[in-house]
């Protein structure tokens, strides 16, 4: 079992490194409009607000995904191949998020951009949900004696996040900015839900 | 021996970090055709499909290389200088893959681009093969009591991957897209082969 | 408690990885003025001095933040949610610093650029201060038996750094270059303050 | 002492992460000459040879620096502030190397570019030398019972590398390409010197 843990640690480490890079390269989306030659004013800075907004949203979305991922892997003690590939697909779409962020950062009001962004967030959600769904059904993968209410709670968190993504995706086709706002709303909701659980316990 | 393990851990950590960065910067290949000013449509997104395909293939190729690398180093307990340099050369060509991916992402149907890509994949294969070949012949480098069938199995996996790369390289000179498809085929094949071994055991 | 430490270690690891990436991508600010085609001379290199200066300042500012962060987490033995989010916000603004560095690297004498840079440094300071303030007030989060003078000393270091940032921010509105120089001064001051404390002890 | 080790581990980890990123972003120097629109041929690929050469040299130079750094920190058991700042300066110039590599990749035959590159390599050497020089003189920083011949050997390796950098720097003013070749020569020399020591022992 010690050996399995070693493999698990490496997967977690590798995931952490990829997430750390993805969250950092978000900053490349911030660029001033206009060329290097001329002076910049506070107005120039101010006009970058859609990019800054997109940067902030993506940063906190990735941070929340990372936090949840860690909470999952705090209770997962062994991995098998299925879990590994679910985790790799989770990473795949997480790595894509900086690109989707570029899309909305430069085309904030275009529905094609916002749809791509929401679809991306949804896909990360789907694989994060897969990870917990798969692990929670297999007691041999989890630390023994895990509280069943916790298992259910995490499943519900994933579901709430998925529903939020689906709604924002559907709306983004017609009202891109509203889709964005719905995604923003998930952040405090997810943070709040956590406290709710602790109060319950 | 504990000291040697420390050195080994650092090499594995360093390799993991490099692979994590290489797999993440693949996303820089995704760029929209056209300039920032105008609106983007779903057609614009759709036209990026060669880039998205190239991104997906490279992502899974690197993920598979990483997985195999980990399985190797799960059984390797000590490193010597030869193994270290083989590993560094493995990293060298792995780091090159994002560049080769750019080539095929922007010139999907040019044989020069596809040949460069296939040659790059082949070179990673060669050094991965070297690592296992070198270690498997030296029992003092491996964990004691390793199953000989496993040693052979990994060697065969390397060989199959190398043959796949050579074929795709040869074909890419004449039919770049067919070369690409042959590389795609390796992915399920390598995943499947693993299960085959487990069934045997 | 061992479990909590595991979570703490991962947070520290994740923070380290993000800081390592942020400090490395600073180098992307260094670019020659002029196009690839023509030859470059020593004059061309010399003319990059504002970029090199900005690179050096940001590198040492991040290095100092990292060092202090480590010293904090050397004494913090448990994290709670509040500390986690303070740390994530600390990372958020640290990740922004390469962008602010680009602003001053390309517009060294524009007050809008320098104000953005100083505000960014201030915001990192604020959250670093929050981390220690929050932890220092809760003995259950710290290693038992920590010297109270140390707690106070670190608080004072944070305060000095914040005051320095506020002053440089205020001055940057009118004299950008003076604001920059005040930020430069903090570096030896912070290094020196450390020695002062050791002498006291 | 356990606590000190923890700090040391983090410094080594942070250094490893920075080096891993620096070595990976070297690949951004590889770009095709010409625009995206037209087809690429084998001639286009072939014309990138100065960039590929620069990439290879920098990759192996960083790999060798990393290897030596690890060997140093294998024997260093504690760090103090002086060692920390020497290490941070070492990282500073290591992070600069991808920029210097861009200079020679795009202006292979310009002496200004090659001088900057050689100076950069020299500066990394200087701080690596400082690290070992400082630690080797303080037995309290090293693992007890370290072979004195080893201490001397590492000092000599640093000196040889520094002399090589100085010579290449001096020559690069007049014959850039010769300066480059002298840097290339160091690679097998440094690898060979290692074996020499082992033969001696």
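Order as written gives the chain letters A, B, C and D; numbering starts at 1 within each chain.
In this section, a residue touches a chain if its C-beta (ideal position, glycine included) is under 8 Å from a C-beta of that chain, and two chains touch if they have at least 3 such contacts.
Small disclaimer: the values here were computed from a predicted structure and weren't measured.
Look at the contact of subunit A with subunit C and you find different residues on each copy: under half of the numbers used there are shared. The mean-CA centres of subunit A and subunit C are about 26 angstrom from one another, to the nearest whole unit. The centroid of the Cα atoms in subunit B and the matching centroid in subunit C are 37 Å apart.
For subunit D, the set of residues that touch two or more other chains comprises 13, 17, 21, 25. Taken pairwise by the contact criterion, the protein chains form one closed cycle in which every chain touches exactly two others. By the definition of touch given earlier, these chain pairs are in contact: A-B, A-C, B-D, C-D. Subunit B makes touch with subunit A in their complex at residues 12-13, 16-17, 19-21, 23-27, 30, 32, 36, 39-42, 44-45, 55-56, 59-60, 63, 66-67, 70, 74, 191, 194-195.
By the touch rule above, subunit D contacts subunit C in their complex via residues 3, 6-7, 10, 13-14, 17-18, 21-22, 25, 81, 84-85, 88, 91-92, 95-96, 98-99, 103, 106-107, 110, 112-113, 115-116.
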